[in-house]
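Labels A, B and C are assigned to the chains in the order they are written; within every chain, residues are numbered from 1.
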Amino acid sequence: MSEAVRVSGLTKTYPARRGGARVVAVKDVSFELARGESLGLVGESGSGKTTLARMLVGLARPDTGTIVIDGRTRQGKERGRAARLRRAKEVQMVFQDPYGSLDRRLSVEAALRDVLRRHLPDPAKETVRARISELMGHVGLSGKHLGSRPHELSGGQRQRVAIAKALAVDPAVLVLDEAVSALDVSVQAQILALLNRIRAETGVSLVFVTHDLAVVNEVTGQILVMYKGEAVERGATAEVLRRPRHPYTDMLLSSAPGPNWQPERVAELRAAFAGAP
Amino acid sequence: MLLAIEDLHLSVPSPEGSRQILRGVSLDVSEGETVGLVGESGSGKSTTARAALRLLPERASLSGAVSVCGHDVAAGDQAVVRKVRSELAAMIFQEPRAVLNPVRRIGSSATERLVHVHGVAKDEARRRIAALFGEVGLDDTDRLLRAYPHQLSGGMLQRVVIAAALSTGPRLLLADEATSALDVTTQAEVLALLRRLQREREMGVLFITHDLQLAAAYCDRVYVMKDGAVVEHQKAGTIFVSPSDPYTKALADAVPRLPQRDDTMEASA
Amino acid sequence: MTIDDIGARTASAPVADRRRRSPWTFRACLAILGVAVAAAVFAPLVAPYAPDATDFSAIWAPPGPAHWLGTDQLGRDILSRVIHGARPSLLGAIALLAFATVLGVLIGVVAAWRRGWVDTVLARITDVMFAFPGLLFVVLIIAVFDRGPATAVIGMGLAFAPLIAKFTRAIALEELARPYVDAYRLQGVGGVQLIGRYLLPNLMPTLVGYLVVLFGEGLMSLASLNFLGFGAQPPSSEWGLMVQEGRAGVIQGVLGPALVPGLTIAVVVVATNVVGVRLSDKLAVRT
């Protein structure tokens, strides 16, 4: 059995605004993710973590490098309905903004039915209905929300619907792009627990893209730290967070508010870091 | 006492009659003190801060006492409110980009209060702002004053906003999620800076945030709000250790945490 | 979202108050449009006379029991002519808008979807179309084809299309930037289906409000063309043409034949604007 994700030598550059050299967003990043495992992709804004995630799901095309998901090499130039549906089954994504990630015209039920009709091998009415209630159970929403439209739901409920829609495709990998950052902590905790449970129950592999190390600590086994487009540290989450090897990881950890947090020390570290080659 | 709020009730008309936003909030901030105000969305923490400047929702009805440096903001006339807003207190927000006019140069936005409210001459105002830019760790002030907001990073813009807020020498600073949109490293830098400025000027800071951990680490005392009421008030150091209210405890438990560090890096450094 | 939403909601309230006209104005305007549409549909049933029935014994008759709004230079009943004129006037504006919408939305959506050089090329084309006054288009088209209602509609349609294209492109870009569009793409939804089935219905509320306001403008532009004689030809009782024919009376001091259709145009245009603004406010509430 191959890994769920194998990425090697991924690079992406963007044209600079006014001539000049191209801006490197992601530079020679490689990693693997075993099936049913979860990976945290962390970094600050501009670290390239979001670009990496968008390449992973196919919303951006890498300049060089290969992405293998679920044993198949992803290619940008596939056309046709069958290829599109197959790619969909490989990887899905949940976005940060709970307000914009749902089609505001569709009720929860209509949105789920829309996905299922496209992706279930047997889209009969009963199978669709059974799968909808199964999905609602997975994400912890009760049947009374089926008729609700996005504006009638809270931020946390919308994210649950977004997760249900992604799971409806039955993907091998689910990428969560800052999916809990906009939520209150109590709601955030519920969603994280939910994702842990879903991973255990369905065996889906998770990639968490986030700036929040504590979130990564709660839900991932592996971690990849990005800095200026490069993967500066990789390893088991618990290990990296306890004993960071790269000075950037160390600085990120010192920056996170906690019992021994000293903003003055972070400022010193950062100044030293900016001065270093 | 810089800020004293006592039994503040606030309601706004709604289709069902009226909606209570604040239910008997009491809090205070003294000189040189950093006081945290923590709550989730809809808890009323921002409304409380805005009430200190009488920035109230339209048609809101208010009862209770609000005073800034001894001036009664809740019942005072326009002159009192203007004095509080222009001299005694200043507020900074989460999104510096939403505060700064995108088509005006930084220099023009940052000197606005000095020039238009305090009647300081333009050159003098620019000189003062330039000096403050130095204090908040911004160099190359000449270029900066001529720049537009879109040319600067979020961290730099927040420093600009802080400098502008400090330009009128406020006694009380209301920081509403002022660092929530920043990266953690930038957040730490800005807060280190804010702490230094606050100590130098003996300012009182009301630090509004959704982040209980940040409030506990940065503030002296912390108030926790829920549904328009203060449910907890404690020394920051003990809030995680011994929360008295079940809601605070739930909030503290919900906060995702980092593992204990092995401090090998520090030993080697 | 941790910012209390109270401030935002109240800050926008007074603006909404100012823009919202009082309900009775809105209802009155809706009623006016209802009457105009009813006139267009039921003209032969409700008009007291045929629109082309001449009565040489009652030329330029003043308003009276026989002719409520008087008669024109051929003794035709003005009320009947205005009622019958509703159909060509409204249908003309609808046809103009339909043609312009199909063209404009197509250009706008394709430009927003493809971006890059396609967007640039389409933007240049619409800019060029923008640069020509609508009248010039019509003159050009008349030079090739002949004058007539279809010519006026197509000419004006070409003049309106770039407006709609620019508007559509702007709202489509905003819509396409929303993550749910990416979510559809990741589900394997193809481009054509994404646009037709998901994007357009989400643009519709905003677009419809805009089109209703444009309808008034279209009605007026067509009336002007007809007034100039580029569109409908006698004996049609299209309103613009009626104003033109009524000019003869104005010189003689008989204002009715020109004033009545002129006022009708004005009232209908104002009514559509009021309804359109209100409608777009209501429909364009975004979540």
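Heads up, the rule we're going with is that a contact is a pair of C-beta atoms (placed from the backbone, for glycine too) under 8 Å apart; a residue touches a chain by one contact, two chains touch by 3 or more.
Composition by chain, UniProt nomenclature: A, B = ABC transporter ATP-binding protein.
It should be emphasised that the depicted structure is a prediction, and the values quoted were computed from it without experimental measurement.
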To reach chain B from chain A by way of touching chains, what is the minimum number of steps? 1
So the chain most remote from chain C by C-alpha centre is B
Distance from chain B to chain A - Cα centre to Cα centre, in angstrom: 32
Roughly how far is chain B from chain C, centre to centre by C-alpha average, rounded to an integer in Å? 51
Could you give the separation in Å between the centres of chain A and chain C, each centre being the mean of its C-alpha atoms? 47
If I count partner chains per residue in chain C, which residues reach a count of at least 2? 1-2
By residue number and range, which residues of chain A touch two or more other chains? 155, 184
Where in chain B do residues touch two or more other chains at once? 40-41, 210
Residue set of chain A touching chain B in the complex reads 44-45, 155, 184-186, 188-189, 192, 211-215, 217-218, 238, 241-244, 247, 250-259, 261, 263-264, 266-267, 270
The answer for chain C against chain A in the complex is residues 1-2, 178-180, 182-190, 198, 201-202, 286-287
Please name which positions on chain B make contact with chain A in the complex. 40-41, 154, 183-189, 191-193, 195, 210-214, 216-218, 240, 250-251, 253-262, 264-265
For chain A, which residues are in contact with chain C within the complex? 57-59, 81, 84-88, 91-93, 95-97, 99-105, 115, 118-119, 150-151, 155, 162, 165-166, 169, 182, 184
